[in-house]
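Here is the structure we will look at.
Labels for the chains are A, B, C and D, by order of writing; each one numbers its residues from 1.
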Amino acid sequence: MKLGFIGLGNMGLPMAKNLLAAGHEVTVWNRSPAKAEPLREKGARVAGTPAEAARGAEVVFTMLADDRAVEAAVFGSDGLHAGLGKGAVHVSSSTISVALSERLTQAHASAGQGYVSAPVFGRPDAADAKQLWVVAAGAKADVERSRPLLEAVGRGLTVLGEKASAANVVKLSGNFLIASMMEALGEAFALTRKSGVEAKVFMEVFQSVFARGPIFERYAQLIADEKYSPAGFPMRLGLKDVGLVLEAARGAQVPMPLGSLLHDQYLGGVAQGHGDLDWSALGALVAERAGLKRGS
Amino acid sequence: MKLGFIGLGNMGLPMAKNLLAAGHEVTVWNRSPAKAEPLREKGARVAGTPAEAARGAEVVFTMLADDRAVEAAVFGSDGLHAGLGKGAVHVSSSTISVALSERLTQAHASAGQGYVSAPVFGRPDAADAKQLWVVAAGAKADVERSRPLLEAVGRGLTVLGEKASAANVVKLSGNFLIASMMEALGEAFALTRKSGVEAKVFMEVFQSVFARGPIFERYAQLIADEKYSPAGFPMRLGLKDVGLVLEAARGAQVPMPLGSLLHDQYLGGVAQGHGDLDWSALGALVAERAGLKRGS
Amino acid sequence: MKLGFIGLGNMGLPMAKNLLAAGHEVTVWNRSPAKAEPLREKGARVAGTPAEAARGAEVVFTMLADDRAVEAAVFGSDGLHAGLGKGAVHVSSSTISVALSERLTQAHASAGQGYVSAPVFGRPDAADAKQLWVVAAGAKADVERSRPLLEAVGRGLTVLGEKASAANVVKLSGNFLIASMMEALGEAFALTRKSGVEAKVFMEVFQSVFARGPIFERYAQLIADEKYSPAGFPMRLGLKDVGLVLEAARGAQVPMPLGSLLHDQYLGGVAQGHGDLDWSALGALVAERAGLKRGS
Amino acid sequence: MKLGFIGLGNMGLPMAKNLLAAGHEVTVWNRSPAKAEPLREKGARVAGTPAEAARGAEVVFTMLADDRAVEAAVFGSDGLHAGLGKGAVHVSSSTISVALSERLTQAHASAGQGYVSAPVFGRPDAADAKQLWVVAAGAKADVERSRPLLEAVGRGLTVLGEKASAANVVKLSGNFLIASMMEALGEAFALTRKSGVEAKVFMEVFQSVFARGPIFERYAQLIADEKYSPAGFPMRLGLKDVGLVLEAARGAQVPMPLGSLLHDQYLGGVAQGHGDLDWSALGALVAERAGLKRGS
């Protein structure tokens, strides 16, 4: 296929390389052109502007740092939007805002162009090794047309539906899960270190019990299914245990704001009469506060 | 070995069964005696009081619901403490407070008895299948003497050192990690659902990207090693992404208190000049606030 | 009246002085006896133990640093509990836990002694100037008997009812309000300072608009009356304004965790359909999560 | 003076009325023109567009609902920006974002127009009674020219400096203080109600001790002066008291997220070695996290 690829940073470069390796005809563009040289050697054409990279292409990828960079490359003078032909598709893989993704959806639609939001999970080494996981959303025909390309840059693909910005929400939610786990780990390591447990020993427990086990997956399934009853472990015992965590934290002088948040959630859940639901019903408390109905 | 086992609930019953199956001579006690019958059929002796279960045993386990139940069984009249011989060891596997674990350490030491704190990770089905993970701490000789028993109830064992209550902190920290992940998942599911992504689809992403992958483990290792530089992904980009999460949450009307907590952490980190550290340096911010020094 | 007074720290000393000045016969005790000398000169008798200070007195005050000090002075050997006569009343003015206040209630009742919990608001200079505000609770007869004494140490008295520990909850809640205001002020000063407003200028605004005005009182009244409709200023505008605060905070790089908390509260309130209630209906959101019914 | 006034809602109408009463020549505009009639009767001229209201005026006020309304009235076709003469001044009293205030600063400067940001504190009844408090910022000459007008709508005025958007930050910070106090009160009322204290009784305490007293003002002064030592009441006792609040909250089953936030702040402060500073040093902890230096 005839492709454009805009943005050759740590992530874009290996992705473009894998598209070339899959036999596609790729025209690349990068703000600092030196980055394009390794791809020229592998057979890529190098464009002088994003518009030029888009001209004549069936699909054009963007993989850029943030909203500002995407806006410049798409809507700037000689931008992608100006160069992309009718019926051609813009595949946006950058981690951008929901608002910009919605603006792109409309701008491309108005111009008779397709738009697929397709952010990726994985670090540069995963991009290089074709091990990214792609989440894609957009009009069905556009997603299907991009599918072989999305499969060429990663190890798997989840298609989320026709609303392009949903893919951005999912990508952002994934980064949110990582940051949450890091805060949780930060607090747990601080508490255990101040209680006399070496970090490498707690790390061993984390690996043995959590990182490679099915625990998080099981609880995620309960929340996905909103299956909070019968309780495997009831919320009132969850409250008791988090209470003991905070007592230990007070004793060791370790502020644990995430621990405090959990305690207030469980205390509210029990005060409102949900103490016999499974402790994963944190998911229900959060959903209720967001105005979500069960099963919606 | 001659053993006592006190507490035959969902967890204690299968653990005692596995000790019997490993060839040990086990005397059991439970507040409601009916629970003991299945074990009597398998060869266990049934005691009338905790003291009786402890008398003559080399090692006595307790596996009870909470601090109150442990205090009653150990320090009550005809309690374990009264029955346990000099040199014999109490192995406490219940999820109890650090304070009670320290009290048990002292009380047993004063009586010339040994004490090992050995809580377990895993649900009743894991206990039944000998798939628990045990974390144990206490005087070296006592831990070594209990080791074959701890190995007989689970798939693995981490020994944490000589301070018994450290094992309780680790167990509580593990439950804290689970609850944290559930809060994070609850917020992420609420955001994605309100943004039009079906729960089962986000669940698929969670499974593919997080639950079975090495992501959490890698970040845990960075925090364990306090290796925040060079940054794989710098904190200022973490701030940007969490900012985008909160914008999406505002747009979808989903309160995300954990998201807000992360945002304030990153904003503080960047304001204090740490924007170029890896975003896992959340661990450093937490540690600093706890008064911990690097590498301690 | 014949009185005992136990605890002559920064607060106790001026309170005892005012009781002497009101014409009562006061026997004092303090752990370090030197503190008692100024009162001896003013006519006080100095006891060697708390029990001695209590013996023969109609009412005995305690004003001590914390739970531990009160427990020692009341239940220790030669403690107040041992010396206090049947029918005499212990007035506890220390800031202690609800749990200890409940224990004191029972212990005195069992011994045929009265107990009034009467913590005070005000700093040492207010105590000296008889400007404390007293909140008292306990059996009616005991409170009435103590009333002239409570009036002799302060400028006013609120009687809360028969449940003594309620006075401790009220005192703690007052300190909570002060700490809350300090956190709010801390965040507001940080934001305004980083936005180029000198602290003394923002202080002038605080004085002119808030500290001496009826604003806080008016809002407190709305929450006390649960009168959230019709809205003077609706919650959805509150959400908008707090959203603007957080935008400003992000721009100035000032973490405002209390701002984030407020934002999540308002976002949840609006998501749950309460956007047209007055923005003081934060009170309703908090009450609901505590399982309180309207008007209870 | 010849004035324009744009926006005749609950706040704008009485402000315009007071400017008329002060003898100024006022041309008003409102989106729905019926609102202008009462002022026409009092001598105001009614314009057909914001531009018309601005034409020929020395100063034009805007008092509108939010950013969107201000943007429309100023930058829309026939907007204020088009009608305002060179050297004339736009006084913006709406509660708007810092970002919009900065955009207005630039747009007016480019057109040779003046801009003063002058939001007000007070409800419609205060506006009617000329009891608003105004905070104003902008170029000195523009502020001085507007001063008699700002004094004509309120009881007092604080001039913040030359950076117009600082006034918006101060207004938003004021609303933040109110919302903070409401959250604090909401939590305190929930705790006391569940502990058996009637709301009207706690309200009496709030009035007697806090609302009409100098407590909040004193603590604000300590934070404004960064005078955290010597401690009137040290942070470690603050930690103790907030700890007792949370114990009471747990006992009464009242989630107090602001209480938890305070506890984590104090715990961190003590862990970092600041336990002997005054408990108002919450202000120092917040400032440090914002990257502020002492005295800056």
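Methods note: contacts are C-beta pairs under 8 Å (C-beta built on N, C-alpha and C of every residue); 3 or more make two chains touch, one makes a residue touch a chain.
What you see is a predicted model; the values in this text were computed from it and never measured.
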Chains contacting each of chain B and chain C, listed by label: A, D
Pair joined by the larger number of C-beta contacts - A-C, C-D: C-D
Chain located farthest away, centre of chain D as origin (C-alpha): B
Between chain A and chain D, centroid-to-centroid distance (C-alpha), Å: 38
CA centroid of chain A to CA centroid of chain C, Å: 48
Centre distance in Å when chain C and chain D are each reduced to the mean of their C-alpha atoms: 29
Multi-chain contact residues (two or more partners), chain C: 253-257, 261, 265, 268, 271, 289-291
Touch list for chain B against partner chain A, complex: 66, 95-99, 121, 123, 133, 135, 156, 158, 160-161, 163, 165-166, 168-170, 172-197, 199-212, 214-217, 219-221, 223-226, 232-233, 238, 240-242, 244-245, 247-248, 251-259, 261-262, 265-266, 279-280, 282-287, 289-292, 296
Chain B-facing residues of chain C, complex: 243, 249-250, 253-257, 260-261, 263-265, 267-268, 270-271
Interface residues, chain D side, partner chain B - complex: 257, 268, 271-273, 288-291
